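Heads up, the next two complexes both have chain A, just with different partners, chain B and then chain C.
This part shows the complex of A and B:
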């Protein structure tokens, strides 16, 4: 009797945990987002949201979800409780990726076709300024101390360092061909950038803006041209960095101290973007071509599950 | 160093580019590129609705000029593109010599093979030439031009791309139909070479002589013409497009048409949208008001290659640009999912080839399973051991 009691309490605890984490996944070709419960390991539901949703992020207070609906030429604001669109932001044409500062007051959107970044005031939902950058800006990030906005232009092959106060470019770092995504380390001292065409990830020193490390990815029996690094994330302790390798269908696990590649984890087809669970005990990947997401245990570095979500999952955001 | 008028135009250019003096500290480096072409007479065409496009190639160069100058804002480099159009029937050679005299070391050449050979003979390695028009196999296998980089895939690369896909589909028996021009025969040669490489069998071959009575229609001619026994696909060699379109849906047997019509091997296509291609398709349309075609893509890549070399080396002489472009450091993004580079043995740009149906892309060879010890892109066209020129 006692045993059964404790068991049921255990189950209760489990089920209460299961409601404490939600993954929102943009589905590029379904014009929808998938809502996934990673603890239960299942797709909860799919909600139509707008044309060609790609970039996705939560507001710092987690009350709103921002989603770039590229073919509607806007970034929509979605209430995370009701899942209704509550506002549309003047993002400029064809928004794909964007970044939000840590206070949640400003959004920076890459306008790929116009070679510019649009700066949006989130309090007033107004575009404040556009900043001209290189050709085909894609990856964008804000430094943890909100000092820098960094933008990677895919054809110019540069990282542009935009001063968040003056909104002017202060420095440019030439990087390997077709840079895609970039991420700051939690301490704000390093910026990691991936190069799709050179199968590399580069570590840039934020103080000097120079490349200090170049990590090359090579997988036995996988053609080098298939190794196309895209998404990159680094854990808060800076023990591990994870790099999504696109059509190589693998995530590289990199020792963030020694810059050695520890292993390659086989996930779904054309893995693009990555996100941690709130406590970083799990890593989630979007696999565009196999139409699923993969769950990776960051303690054991094993892929534990894949969940079918819909057509062309692009990006993801994780809510506590 | 600069004449005052040059200096003045330079100053205007700076203003136009909106350069923030803080963005770079080095003085501006100017990169002079010439674009040499000759007016063409509209060729005979199957449809009068198909518009004659005069500026194939030039618009692609202009797009790359914009892209390079956007990058140049951050690196302190400004590109200038000079277009020289020689009238129909006029001699190209004096114009080329005047470009050399004006110290142009990087020249994009949109000319037929014969004229390319002529100006290369005059060049004496003074300029690096970017060929954006030819797909001639001999210039890539037996008579290479060491001062020329070829941006378009050769006929052999195109034929190999088709053959890889046919092999995969096991459509091994080919009926080859060849037009009556010299170019059609060169295309047919490339098809035969690929058939041998990929173990295809040409079970029948016929020449289309345009001798059928115009009062009769393709509906009645083609079925008679195409009664050659059984085959898997009809391969047509009609580069100008004078009869190939008649063959689909009209052959005696219900068989697909591939080659210069039907399923085409091409370097660019209006329906190509993978690997970020949508972005360049949009940018091109906004600039040129028409879809991008092969020569535009070739000229775009030529000037983008120059941009990559100059951005990374800060050197602008023909020698140093060539050295960088032929090195392993050069990897160009070309909206085809794999980095593009040059084959040092014949100056051919390595690239994937699109197999395009009229409104969709069917495959993008090299296909999976065709292996190569160095680079899978080298399964298309003349590989190093097959090339016999210095």
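This part shows the complex of A and C:
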């Protein structure tokens, strides 16, 4: 008994040292970010940051946090240690989502109202170019090898393939209505796209730029109109994909090998965006209407906890 | 001391034997909560709002919420059923054999209670095992933690049944008591809906439900199933058990209780 007790204390200490991590959550209505300790399972503090913060990402070196403060018409650069704003990027009007290349040298911002992508040089914090795309560009992603920038236009119902070198559209893929989020697999061979209006997720082959799979979501006792897929992430081993289903209040667990939906996990209301913990043993969700985030154990596929963070959590970034 | 054990074993064995012999009783004891779980909970799954309340850490499906309530239901029915058998025993005369033994009456009654609790715990674990396959999977330690809670809540609900059986003279009257005791107790509790939900519609209903011993038993079980102790519910359960048992013992005392008037 004594041995077991000391063992468990030891394990507890180890786990708290090796797994420490911080989640930054943008709070759309509080004009702030929430800082959450997922191991302790609690909100650490809330910091006011700017008007209507939405899209959020860490720089590859994790020293900076980029946050689209939509109503300030800028993307702010925040020092992750001091939590002070160190720069403001010329993002164009009403920025919501953006993507950064793996080297951390360029940022691509969707300008929904102007139907364009703004390319920002992160070394000089300057706008380099704007790329015209379809109507209402929303989801945006950069391929792992930095070859492609993909942008989904909500109204044109297209994924635009922009060559990262020439910054020109090289191809378009017609997808289901109102595409929202995009995510590449770790090997860069597939692009997953969610369609808000069709309750589907599509898998596009990067080589051919054609849809190879369409996954339809249906939950017993939940109206189809409530199933609005938004955020999508795929684990590094490509075993599982997770899709946030918006007002259905669930995250779909999809077998990324067979493309079958294995499970629907109940989380908070209007689940929107998703992010893994650094080792991918946990998945975090932002639940806008219930003002909290949920923690999912990716080994057991169970929701372990939900933590209240503030009004309308939108996006999240996880720091080691 | 040995004859105490002998008597306890005899009473428990008799109850167990009766239970095993009556396969329908075992089946109905299981089917009842399972019907609630598979049919009622499925129907209400989308209708009820969700909110995080202790002991739950996150959002739960409705069937997860009502599971502790259904465990309580198993024990409530079991408590009533074993008291029904007391009435039957009294009518058949086998109770006389039990009560004329030289052991103290309270001991015989508590033995009878323990026998009922033992049977109810078997039913609960079978129910939990089936529920596990229906994706109702509380933490593993919860299955252990719930055992002491089950003993106490089982004793409390059994004592209530015992109390009722002391005052019921004929089997025929028992059905009425089932209606007037079991259903109000079950529906005016936190078994099917959280108390805050009741409070939204009626403050009076909320107050009744809050002080309903069955609510306390269900909450005690709910927390225990998630490895936590709800002290208030635990104390209320113990208190209710003590009160019910004392009244039952008085009720079964031939010189003071209802037995006298009957005889």
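In the analysis below, the second predicted complex is superposed on the first by the 304 of 320 C-alpha atoms of A that agree within 3 Å, B and C clash if a C-alpha of one lies under 4 Å from a C-alpha of the other, contacts with A are read in each partner's own complex, and residues count from 1 in each chain.
What we mean here is this: a residue touches a chain if its C-beta (ideal position, glycine included) is under 8 Å from a C-beta of that chain, and two chains touch if they have at least 3 such contacts.
Every value quoted in this text rests on a predicted model; they were computed, and no experiment measured them.
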| item | value |
| --- | --- |
| Overlay on chain A: chain C relative to chain B, clash or fit | fit |
| Partner chain(s) touched by A:154 [first = chain B, second = chain C, both, neither] | first |
| Which superposed partner A:64 touches (first chain B, second chain C, both, neither) | neither |
| Which of chain B and chain C A:268 touches, first, second, both or neither | second |
| Partner chain in contact with A:303 - chain B first, chain C second, else both or neither | second |
| First (chain B), second (chain C), both or neither touched by A:222 | second |
| In the superposition, chain B vs chain C on chain A residues touched | B |
| Chain C, chain A and chain B - angle at the middle CA centre, rounded to the nearest 10 degrees | 90 |
| First, second, both or neither for A:170, with chain B first and chain C second | first |
| Chain B versus chain C as contact partner of A:54, first or second or both or neither | neither |
| Closest Cα approach, chain C to chain B, once both complexes are overlaid on chain A (Å) | 8 |
| Residues of chain A contacting chain B in one complex and chain C in the other | none |
| Residues of chain A defined as touching chain B within the complex | 112-113, 115, 132, 134-136, 153-158, 160, 168-170, 172, 174, 176-178, 196-198, 223, 225, 228, 247 |
| Touching residues (chain side chain C, partner chain A) in the complex | 42, 45-46, 50, 52, 57-61, 137 |
| Residues of chain A defined as touching chain C within the complex | 41, 221-222, 249, 266-268, 290, 292, 294-295, 302-306 |
| Chain A-facing residues of chain B, complex | 18, 20, 22-24, 67, 70-71, 73-75, 276, 279, 282-283, 304, 308, 311-312, 331-333, 337-339, 375-377 |
